[in-house]
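You will see subunit A twice below: alongside subunit B first, and alongside subunit C after that.
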Partner chain A sequence: MKNGKMKNDRQRTFMLITIPVVVLFFFFNTFPLLRGVYYSFTNFKGYGSYEIVGLRNYIDLFSDGRVGNSYLFTVKYAVVCTVIVNVVSLLLALGLNSRIKGKTVLRGIYFIPNILGGLVVGYIFSFFFTYILPYVGQALGIEAISSSMLSRESTAWFAIVLVGAWQSIAMNTIIYISGLQTVPEDVYEAGSIDGATGWRKFKSLTFPLIIPFFSINMVLCMKNFLMVFDQIMALTKGGPSQSTESISYLIYQNGINGGQFGFQSANAVVFFVVIVTISVLQLRFTGKKEEQL
Partner chain B sequence: MMKKKLRSGEKVNWPITILLILGCLTVFFPLYMTIVIAFKQPSEMTNDIMGALGLPKSWRFSNFAEAMRVTDFWNSLANSLLLTVVTVVIAIVLHGIASYAIGRSMAKSKAYNFIYLYIVSGMFVPFAILMMPLIKQTAQLGIANRFGVIVLYVVFYMPINLMLYTGYLKNIPLALEEAARVDGATTWKTYWSIIFPVMKPMHATVAVLTAMAVWNDVMTPLVIMSGTGKNTLPLAQLNFQTQFGTNYNLAFASYLLALLPILLFYLFCQKHIINGVVNGAVK
Partner chain C sequence: MKKRTVKAAGAGALALVISAAGLAGCGSQDDGVVTIEMVQYKPEAVDVFEELEQRFNETHDDIRLVIESPNDAMTILKTRFIREDYPDIVAIGGDINYSNFLDANLFMDISDFDGLADIKQAYLDMDKELEYVPMDGVYAVPYMANAAGVLYNREMFEQYGWNIPTTWDEFIALCEEIQAEGVQPLYFGYRDVWTCLAPWNAMAVDLAPSDVCYQVNAGETTFAENYREVADKQKQLLDYAQNDPFAFSYNDACTAFARGESAMYVIGSYAVPQIRSVNPDIDIDSFVFPASNDPEENILNSGNDLQLSVMANCENKEAAYEVLRFLLEDENVQYYVDDQSAVPCKKGEFELASMLDSMKPYIEEGRLADYQDHHYPAEMSVDAMIQTYLLDDSETALDDFMERFDTEWVRYNRDVIRKVEEYTQQHPDSE
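Our next item is the complex of A and B:
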């Protein structure tokens, strides 16, 4: 009898906690999401009256050059950034996990970029690309950097990659380090008896064991880089000639300030689908790899 | 014992140590540049590279005083602190207990399982799609202000925090709370007196992750509270960017001021921050 009463109290308490939380979440996450989907079928400007236009916005999306460019730029940015960040982070983690002096201090230092805000970091690098790097480029006679990287279409995107990578490497390195620490010492001992050294040791011993951490980093990187906003805002504002407009930036810029509320809602819906698809594919792909091991 | 001795006797890898120390320059250089420019006067910024990167003639704080005035520093700082602290406290209290309710019920109930998946999948909803409807919604509700931003943060970080807390709860044995139940304690009381303290390491992780995300976030305050005339630290940099003009010294003094609080915080809580981040990512 007493036990039953207790159980009831437990269930009731859980329900009383869960219901308001779910309502809150629905109201500020799912509801605006649905509203966004609804607006994507209208020609709403953000103010005034509007009409339902069916799939018009979606059809227009695929013929809109500016939207197309923003997808090309964002995907290029995310892929290049993810590759650079993971290669550098892994090397850095291997270094920081080896027999070095001042391990803790060095790890602490390399983590600093991750705690700083993307916007202010962007402003600082903007100065660096505009005034410092061209000076170095001229002195060394390197064409590509002797004028501001940010002012040319061919290089501006890469400048943003560098800043994005500078900040993210910190985080991914720390994750790889914690991965490397899970590799038991005797694996290496067994390996060294078999004569595994250097690259072979890494390829056939270390890397397979840290694949879960590799997949975390891949998913984290891709998702964050696809949503890039702060760096664009600080470094280029989408320029030169709209060559560095990320999807988030374009939605913000034209949806809120450009009177394309409905149209950019459609863009946001497509963006949402793209992010979910990529994340699911990545999780599946890396999930399979882990199973195989 | 023998083995340990052998290992500590092994040589330090000096080439890698030196490479890594040199690599720190990539971290320090932008910070160095920020500091020296922030202390200089515009007249010292000559056209050659030393004008920008050389040490200032004198270390004067006048740029900082001016930057504080231009960007309304103390108010922006207060707003950033307010948003961060309140969000973190609510996250720990609300997300913690919600995770307890959902996590403990998931094993037996399909409905709770669904609720868990429903909230966690919110992680994949980009802010870009919520942004425009939320501007309307917060305006209609009259919460297009700091309060609204806090509510949104509490909702946005719910998926990740729920995942972290429920993951941690799985390792807390049920027997712990059953003992309290036998003693007649209510579920509510059991949570606060037994489970909440046990989850302390996860509270730290949640606090660090949520705080860093809120502190550095630009987009949410930018679109939600732009009408209030109130700024957060990053938002002030964005809004006053044009006022710096070509006075880079003033701009950099302002950037340094914006970075300083988190740098100082990191200096003192470095271990907790790194541990928190690792726990969060690896779980």
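Our next item is the complex of A and C:
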């Protein structure tokens, strides 16, 4: 009897903690989301009167060349970035986790890009790509970089990849370092008795044990890069020739600045479904490979 | 005791949420003093409006004027409109946003406002053309206009003895001449796509009819018929621009022109404050872009840069009119003109900035036409389409661009075209 009452009290406390958060979450997240879904069936410009147009926005989405291009660009960008970031940050983490001098200082330095704002980094790189890099290219006679990378369709997307990767490597490295620190020393000792060194050691011991960190990094990276926005805003504004318009950029640009609130809401709904699907698939796929000690 | 605290905290958080959700609406009248809230969208003119606001409040006891100049005002306004939180007066540009707001019935008919008689007819007509379908009444007071054409470095022109061209052939010849002297004739900041529209607009007023968009919406013509020459000539300009103009931004181009790296710069008068911020001593003048070989066809590209509209649900119409009257007083107009190098829409003798010297005859005679891009929907991104076309080296570039313009126009203007069709069916005798 007494036990039951105490449990009740506990539950009530938990409820009191949870409910305000749920309400807040509902008002500021779920409710806008539902409103967005509703607007996706209208020709709403963002203000004033509007009409329900049924599935017209969704049908248009699949025949709109610009939306199609933005999906292609974003996926290409996200995949390339995710690969680069994970490879580089894993290498960096391995280095920064080994016994070297000034390890803490180095870790601090490598973390700096993460604390700088996306726009700030973007504008600095924009200057770098427009003035400094072409100057260096001309001085050294390297054709590929002697004109601005941002002004050509063939290279602009890669410039954005470089900036995006440069910035997110920091956070991923930290996650990998924390992952590497969870691997107990005795596993390596046992491994070395069996003759596992170098690449073998990494492939058979280290990597399987940090797979949870690998999968969280993959999911975070993919999700962040699919939603790329700041870098585009600062570097190219979607140009040249609309070749670097990401999905988020297009939704913002045409939904808020242009009068396509309804249409871009439909785009946002589809984009939401795509991101959820990709994240779930990734978690399933990497989850299967996790090893437990 | 502990439990109660938790409960109180929970209730507090809930109350916060509810009050946050219920925060809407605003009062506009207290103690007999009427408050008029005005939102203006020009970041360059913040100081001017602060001064005007102060002058107004010093001379009026019964009306309090509050002028807001938020950053990125257009987005702010739109989000406020979504929440149905309206100011009393908005000062915005005469562009597609005005068309859309008007189409959403946000503005009040102010045809009974006495100040309208003092406004130049050309600018009132521009606002009429911005209506998707002709409407009864007047919904905006044109206040300030800007002028776009070719800015040139007067000092450089005098030094080399170059003359202002009045036809396209003369303009090209001038570019050749400048190039021959080893000077860069033009500088573009095409990385910021919107700057692609500056030469486009300046040439389109000479070469295409001013109501081309309405004509297309009514199915009477196509853009391919009207814009081919504009597009072709804009590409020719690239021959006289700096190397790789797509690598440089608007700021870069302003800076370069300010430092005398180019003799001319095809942009609007709105760029002058930016240029002067780099080089305060530069002597700038501007001339009308001569895109046609018939000097009679070359007119000034000038549009309503700032116009005043009263919102439909403004409760104190008389007070709002009083604000409009105040802003239109000669002294205040001149104050704005001096500060912003703007062109007043009001009739009368005003002293114009020296950088408009060569354009003065056009302004006085009213030989001007609105920016064509004021009729383009923002989401269609015509600027980016022009950039794409300029970057396209293939032989079919021009044809592709014209075809794309026409097909995309139809797609982005579906609702407007339907409205125009309905209108022409109901009014078969108009036009």
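Going forward, the second predicted complex is superposed on the first by the 269 of 293 C-alpha atoms of A that agree within 3 Å, B and C clash if a C-alpha of one lies under 4 Å from a C-alpha of the other, contacts with A are read in each partner's own complex, and residues count from 1 in each chain.
Rule of thumb we're sticking to: contacts are C-beta pairs under 8 Å (C-beta built on N, C-alpha and C of every residue); 3 or more make two chains touch, one makes a residue touch a chain.
Here the structure is a predicted model, which means the values were calculated and not measured.
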In the overlay, answer first, second, both or neither for which of subunit B and subunit C A:V22 touches.
first
Check whether A:S154 is in contact with subunit B, with subunit C, with both or with neither, and answer first, second, both or neither.
neither
Mind working out whether A:S192 is in touch with subunit B, subunit C, both or neither, as first, second, both or neither?
neither
Under the stated touch criterion, which partner chain does A:D230 make contact with: subunit B (first), subunit C (second), both, or neither?
first
Which partner chains sit in contact with A:L96 here, subunit B, subunit C, both or neither? Use first/second/both/neither.
first
Is A:T13 contacted by the first partner subunit B, the second partner subunit C, both or neither?
both
Per the contact definition in the header, classify A:N43: touching subunit B only (first), subunit C only (second), both, or neither.
second
Hey, is it subunit B or subunit C that touches more of subunit A?
B
Using the touch definition from the top, say if A:P240 reaches subunit B (first), subunit C (second), both or neither.
second
Would you sort A:I109 into first (subunit B), second (subunit C), both or neither based on which partner it touches?
first
Subunit C-contacting residues of subunit A that also contact subunit B
9, 13, 17, 24, 46, 256
Please output the residues of subunit C touching subunit A within their complex, sorted ascending.
3, 6-7, 9-10, 13-14, 17, 20-21, 74-75, 78, 81-82, 96, 100-101, 103-106, 191-193, 243-244, 246-249, 252, 377-381, 384, 387-388, 391-392, 411, 415
For subunit B, which residues are in contact with subunit A within the complex?
10-14, 16-17, 19-21, 23-24, 26-28, 30-31, 33-34, 37, 48-49, 52-53, 94, 97-98, 100-102, 104-105, 112, 115, 118-119, 122, 124-137, 151-152, 154-156, 158, 181, 186-188, 212, 215-216, 218-219, 223, 233-234, 237-238, 241, 248, 251-252, 255, 258-259, 262-263, 266, 270, 273-274, 277-278, 281-282
Subunit A - residues contacting subunit C, complex:
9, 13, 16-17, 19-20, 23-24, 27, 43, 45-49, 60, 64, 126, 130, 134, 147-148, 150-153, 236-242, 253-254, 256-260
Of all residues in subunit A, those that touch subunit B in their complex
6, 9-11, 13-15, 17-18, 21-22, 24-25, 28-33, 35-36, 39, 46, 92, 95-96, 98-102, 106-121, 123-125, 127-128, 131-132, 135-136, 166, 171, 174-175, 178, 213, 216, 220, 223, 226-227, 229-230, 233-234, 247-248, 251-252, 255-256, 261, 264-265, 268-269, 271-272, 275-276, 279
